[in-house]
Amino acid sequence: MGFISTARVKSPWIMHFETGSCNGCAIEVFAALTPVYDLERFGILNTGNPKHADIMLVTGCVSFRAGRVLRNLYHQMPGPKAVVAIGVCALTGGIFHDCYNLAPGVDKVIPVDVYVPGCAARPEAIIAGTVMALDRLAGKAGPPNIAPGEPRRGLEEGRVVEIAPGNSDK
Amino acid sequence: MDAWPIALAILLPVATALLAYIFRIRAARVLAVVVMAAGLMVSALALAGRGSFTYTPESVLGLPIDTLITILDLALLGYLVWIGLSMRRLSVVLLAGLQLAGLGYLEFWLRGSTPAVLPAEPAMVIDRLAVTMNLIISGVGSLVVLFALPYMDEFERRQKAMKTRQPRFFLFLLLFLGAMNGLVFSNNLLWLYFFWEATTFSSFMLITHTGAREALANGLRALWMNLLGGLAFVLALIFLARNAHIVSLRALAGWPLAGWPGWRGLPPIGSSPDLLLLPMGLLCFAAFTKAAQFPFQTWLTGAMVAPTPVSALLHSSTMVKAAVYLIIRLAPAFRGTTLGILVAVIGGFTFMAASTTAIGQANGKRVLAYSTIANLGLIIAMAGINTPQALSAALLIIIFHAISKALLFICVGTIEHGIRTRDIEEMEGLFYKMPMTTIITVVAMTSMMLPPFGVLIGKWLAIEASVRFPLLLPFVVLGSALTVVFWSKWLGRILTVSYHRKFRLEKLPLLISASMLVLAAAVVVASFGIASVFDFLAAPVVRGQFGIAGVVTPRADLATGMGEFIPWPIFLLIVLVLLAIPISFSRVKPADIRPPYLCGENAGEKPGTSFYSARDEINLTRTGNYYVTGVFGEASINRWAYPIAVGLLLLMIGVIKP
Amino acid sequence: MIGRTIATYGISPLWVTLATVVAAPAIGGLLTGIDRKLTARLQNRVGPPIWQPFHDLVKLWSKERITVNQVQLLYVYAHLFLMIASLVGLMLGQDLLMIFFIFAFSSVSLILGGFSVRSPYSRIGSQREIMQLMAYEPVLVLMAIGIYLATGSFFVHEIITSGNPLLYSLPLVFAAYAVILVVKLRKSPFDLSTAVHHVHQEVVKGLLTEYSGPYLGLIELANWYELVFLLALGGLFWATSLWGALLAAAVLFLFQVVVDTVSARVTWAWMLKFVWTVGLGLAAINIVWLYM
Amino acid sequence: MPGRTVIPFGPQHPVFPEPLQLRLTMEEERVIDAVPALGYMHRGIEQLAQTKDYAQNVFLMERVCGICSFMHALCYCQSVESLLGIEAPPRARFMRTIQAELGRLQSHYLWLGLVADACGFESLFMQAWRNREMIMDCQEAVSGSRVTISTCAIGGCRRDWDDGVLQELTRRLDDVERSMDAIAPVFFEDPLVKQRTVGAGIITKQEATLLGAVGPVARASGIVEDMRRLGYAAYDELDFKPVVETSCDSYARMIVRLRETFQAINLIRQALKKMPAGEVLNKWKGTPEGEAISRVEQPRGELMYYIRSNGGKNPERLRIRTPTLSNIPSLVKMLKGSRLSDVPVIALSIDSCISCTER
Amino acid sequence: MFEMLRTVMQNLFSRPATRLYPKEQREPFPSARGHIESVIENCIFCGLCQKRCPADCIVVDRAGKDWNLDPYRCIICGVCVEVCPTKAIVMSTYFRKPARMREPLTYHQEERGRPPKAKPGQDPGEAKDQM
Amino acid sequence: MIDNVVPVTRETLLAEAQRLADGGQRLISATAIDQGEYLEILYHFDKDLKLTHLKLEVKPGEEVPSISRVYFCAFIPENELKDLFGINISNIVIDYQGKFFLEDEAPRTPLLKSKPPEQGDPREVAR
């Protein structure tokens, strides 16, 4: 690995966004930051600000309102960036996949690099998923996943990121 | 003849004033003012090029000048009494009347058998200090007057004035210039007093220029406060004439000099220097009122209702400087006395209190006013302790403050006309509306608070000078720290550049942009060449008084022996950073510009400024500045500042009791 | 330290400048790493490796440069350059007051950078940073004055060679400096204007919210210079021996790390009150004592 | 004269673990108006529940919220049980109590950490969460899962515990209590924490009733209100007194929760001691009919399930009223007049849980 | 502050609480619900699991002898494990490892006794063997 | 079955609510149940662990007065009912106009079994 990709891999800053579900996974993301799991060992900082983040951890089943926010936040992250969807809610909607206020699945809104299943995903799984997403930062991963179908509406001009493979590699 | 620059400096503005008043044609006025500005600059340069000299004009049109001045003086005071009567303001009537009486007493009772002119004591002394002041008055003053020409047109358009009052405006503005030049040249205290009152008078006329109720009220406040100082001045004159037979500034300042002739040829009487403390204290008191030191600060902040050129010229760069000028003149006499320390403390206290108050102000001009008061306080403080370094600091601040502050006022005036308000809160994103003005304003503000600009170097010198004066030190330290606060707040606000917008250079009248650019250039050049400025203007004054300069300029910088300030590397750095502008502009592609962080809810046409909130409504974000009015508001400051300031003044009066 | 070396051996200022510019970030980065490691250990965690800050910096520099407007970069450069300038000034033994003014300029440019965008959090951060500036600036100036009174000079190189360690005559000023060090480094309890490393802050990242990628990297770099500057300033209190200076700096460093871990954030009003009473008070008492 | 500041506080904001927006209008940093905007986490569980059968709904209800998940299931099961007219066996009732208290314990610990974080006290956050991991281990030991423990079922509990589990639980509880003793004084006494919390977000007793405050918010305002007094599960056989404080501010709310953690340990110990042997699951048949209300005391306060059934396979209407929903009016009230730096502390002091609120 | 000082000092001189995952991995609790796996050879395609699954993530294709599971929708409740009459579904104590793709699993019953086969590209394995 | 159900009409609702408020009752929540022909709204109150319910039956589209002037906290369930059932509740203290939980993309009145009333989408009206 090159000098730069080493640094990228060793210093992935994360941001967490909960898009509306039961919080179980969100709390597990928090737990992963605390002494027992200590994500900072990997150089990970929880920045809480898309402009500083390299990896976005998304939990929850993407309600309509949260989807709007989610896409906006993704747009504000500087590349190279990766997205880790955590919990089955964020993957497919999980038990909520039939609910009326959501278009389940993070990959319907933004490209996703790693899927961490589980309900709730254990902190260990979150760590493993985050580590997996580092490949994207190192430039080694293939194109991220986008769910097929129409892009979601309700996103105004100027905020829409074209969902296309490789977008997050920019 | 030697004296033509002096005559030019005093009479040219007066003549132009009368011309502008009589011939009410705009073109003629513009032409006359431009010619006058050129003339003033020439005369100032001519004077600057010459060494110190003295001059005593004998008579004008066969009338002895002494008499002429007496007559004018009495007329002026009489007019002021009349103003007081017609506006039903008892304080003005009383104060002007008392002065009239005092002056009459001085002129008619105390005058000996025959008025003998004193060949030994010249009426005018032109030394480096006077030259410096003259340069400021004629240089900065002319630029401000030039700026006033287009400004007043716009001003009257805004006011929807039926009939132009510009002739009256320029009459007083230009008369003031003449008076101010006269003031700094005068050595005869009676002359000085006349010019002093003349500036008070024109200040009043200019504050009340619009005739609005607020203007009248504030004008009257300014008038009575200044008249109070004038009364102190007269009392000092009477005391000096009666008890010490001194009527010359130089004599007073140089007292006790053996063999120095007193008033009207009589030897100065009294053997103890303490005797002179009373008149000196009274003169300082007069200076405090004119320099709007706490507790008299309200007249100056109130004077901000006047059109901006007035604020720029009278209420920041020149007229109020007359007060500190007087104190600097007197300083050698009370050096090392308790009076000196008290003067320093009062100045220092004002410096701190005014800087503090400025934090709580949202009105641009009031911020400028408080900053002016603060700087005057610092100058007075420096004059009060009067060491070589302190004097150098005072002089440097006078020079640089005059330029920067005049520039700032001009900028704020232009901004006010551009965006129709002087509220700092409304100046957000100014860069898009008036890029040039904004940049110049930024330069001006930076020059008020940051290195490597002159005012800050002055403050640096002031801190080093006050190290040995523990009573003054806390004020200076706090004041200079607080200065940064209100400037950076304001600066931040006008520098806000919002997301994704194009801008165009604004169109400004030639005279406005010219005066702005010249002053801005002057700020930068003078700060860069601060060593030369110091060597040329300040060092001779200091050396004249102390024999040593106190500050040396070894490497194009200022060194005091305790420390050294090298401005040019900082300039170099700034240039380096400025070079980054084109780079940064070229490297940022439009796609790289993303909306700011609004917790993910950016919305609307301009995603940078609005966000979705409850009901998916689109709301505008805004961020107000912090003024912390509970602590820094005028009311809360005055609660403690007034008692302290009054207490200090009383203390001073207690000290000077003969 | 280095100032003395110049004074005694006459090393060219150019070399000193170069050495400072190169060595300071290395030291500063390492110290930041130690800081983070130590904080983690105090919190019963393993924490990142010590050289983590360098990874962070390289990564930040390699990121896509996105901005909110074109001029942001300007303030970053100004902040960085002026910060370097103040450190170099210190190392060259220049006038302490002048150094402080340049230092203040550097802080002001960061504040202006925060103001320059129409982003509420960044501007609230800037407002708070102004409050911090207001809190520590007088103490810094008083400290310079105290040092002058103790040594008779504002020149750092003369202060170093002036005999007794300053700590003997200025113990309370040293304490006051420790307080404002925490303010200046924006560490808890005074991390008001921006959050230092993963503290959750009500103003998000305050001042730094809108900076990202390379620009943030430059600010980080400036922070390292700043850390070295501030610690060197602390070292000045025992500048008679190199070990003494290092010890003083180390004490300050550990102090701020520990204080950072054991305290909650306070409000800026409280900070102002605290620093102006305790900080200024300590410094003032010490200075009055020097006058007597 | 000071300029107005209008900012969005959230939905993505580092101090909020969940999306919730407060539109704050401030003068300097003094909040003069706060308007909450919700809807980021609304899924529509009430509607989804109408399409799933009674047994499946247990798992759905658990996922109303991952923090207080067990008691959602409990409350739902109780409501269905009362529709069916059955009761859980005694052992199951004690097991339910223990798990409910474990849930309360971890929820309070989570909150204590968050509030420390909101005060800018990072190490305290870390300590609290490190201790919370011990409770999570307890939960995992008894149920096999950390968050959504899925142990409750209509008619009792899904799985019995053997003695190993019980011993493990007793042992771990001691660890938890020991670690708690170490940091409790920090919350109680640390001057800076007090400086941030004392006097912040005052809500008086009268206001609390009218604003519908429940749980620790109400109890911190001196209202003795605790649904556990209803005596569901095994609470009627255990000895406890609701924790009540009277200073009405964020500090009081913090202290209420802190004292409740000790109370929870005590309750678990009592329950472990008194736990009878026997069946844990009552089998049931058929479809319930009618309407029922069940209320339990969640970590954040009173949770109410209203269920109506018309004899079909699925409930006709399931209404979930969660405590945070009731506490948000208090939050709006408290935020007015506070300082920006107190907003996180106050917002957290109601222990807002948006996933519960919006369902 | 001083209360906290004591705690942090204790922390400094004691071992960090961190479990060094992935270097050290804790044995899961015996009752842990990690993920479900099918023992497809036991399946009789009764469809009970599909009917009772609360997350609708099992599709039983009786005709094609396919047992489809969307592991990325499964909430690991264990109901299917409980209801399966032939113990054709087992609960593993290890969590399912993160993946780059999100596709359902199909278990196809070739004939009884043959090992299960997953679709290419998919690894229903455990996190344990990943690191 | 639940006890203590007090039937009210749209006219008496406010007075009843006020009476309960004066009696120190705490509002728990409001529940709506779609009965096809009409909507049943239950307001739940509690005092000392004892529940009281007000039961109101309204036709779709009928205007219901808000009790949020009596109980400020009622604005939350009322906005919720407005969103999910499209009940036309007037004079809510903080009225989210049908955008409390749902935004434009979400379906209208998802919990209403029948067709939504023809009075127009409150969200449209708000815009």
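The letters A, B, C, D, E and F name the chains in turn, as written, and every chain counts its residues from 1.
As a working rule, a residue touches a chain if its C-beta (ideal position, glycine included) is under 8 Å from a C-beta of that chain, and two chains touch if they have at least 3 such contacts.
Computed from a predicted structure; not experimentally measured.
Touching chain E and chain F together: A, D.
Path length between chain B and chain F in the touching-chain graph (shortest route): 1.
Ranked by separation of Cα centres from chain C, the top chain is F.
Compared with chain B, the chain whose C-alpha mean position is the greatest distance off is E.
Of the two chain pairs examined here, C-D and A-B, the one linked by more C-beta pairs in contact is C-D.
If you average the Cα atoms of chain A and of chain C, the two centres end up 35 Å apart. The mean-CA centres of chain A and chain D are about 27 angstrom from one another, to the nearest whole unit.
Averaged C-alpha coordinates put the centre of chain C at 51 Å from the centre of chain E.
Separating the CA-averaged centres of chain B and chain D is a span of 66 Å.
In chain B, the residues touching two or more other chains are 594-595, 597-601, 612, 614-616, 621-623, 625-626.
Among all residues of chain C, those that touch two or more other chains are 40, 42-47, 64-66, 120-121, 124, 198, 200-201, 204, 209-210, 261-263. Shown for chain E are the residues that touch two or more other chains, namely 1, 4, 8, 16-18, 20, 54-55, 75-76. Every pair of chains meeting the touch criterion is listed here: A-B, A-C, A-D, A-E, A-F, B-C, B-D, B-F, C-D, C-E, D-E, D-F.
Chain contact summary for the complex, chain A toward chain F: residues 64-65, 68, 100-101, 103, 152-154.
Within the complex, the chain B residues that touch chain D are 362, 425, 598-601, 611-615, 619-629. By the touch criterion given at the top, residues 428-429, 449-451, 456, 460, 463-464, 467, 470, 473-474, 477-478, 480-482, 484-485, 488-489, 491-493, 495-499, 562-566, 569-570, 573-574, 576-577, 580-581, 584-585, 587-588, 592-599, 608-609, 621-623, 625-626 of chain B touch chain C in their complex.
Within the complex, the chain F residues that touch chain B are 94, 96-97, 99, 103-104, 126. Chain D contributes residues 11-14, 17-19, 39-45, 47-48, 51, 59-60, 62-67, 69, 110, 113, 125-127, 129-130, 132-133, 136, 145-148, 353-355, 358 to its touches with chain A in the complex.
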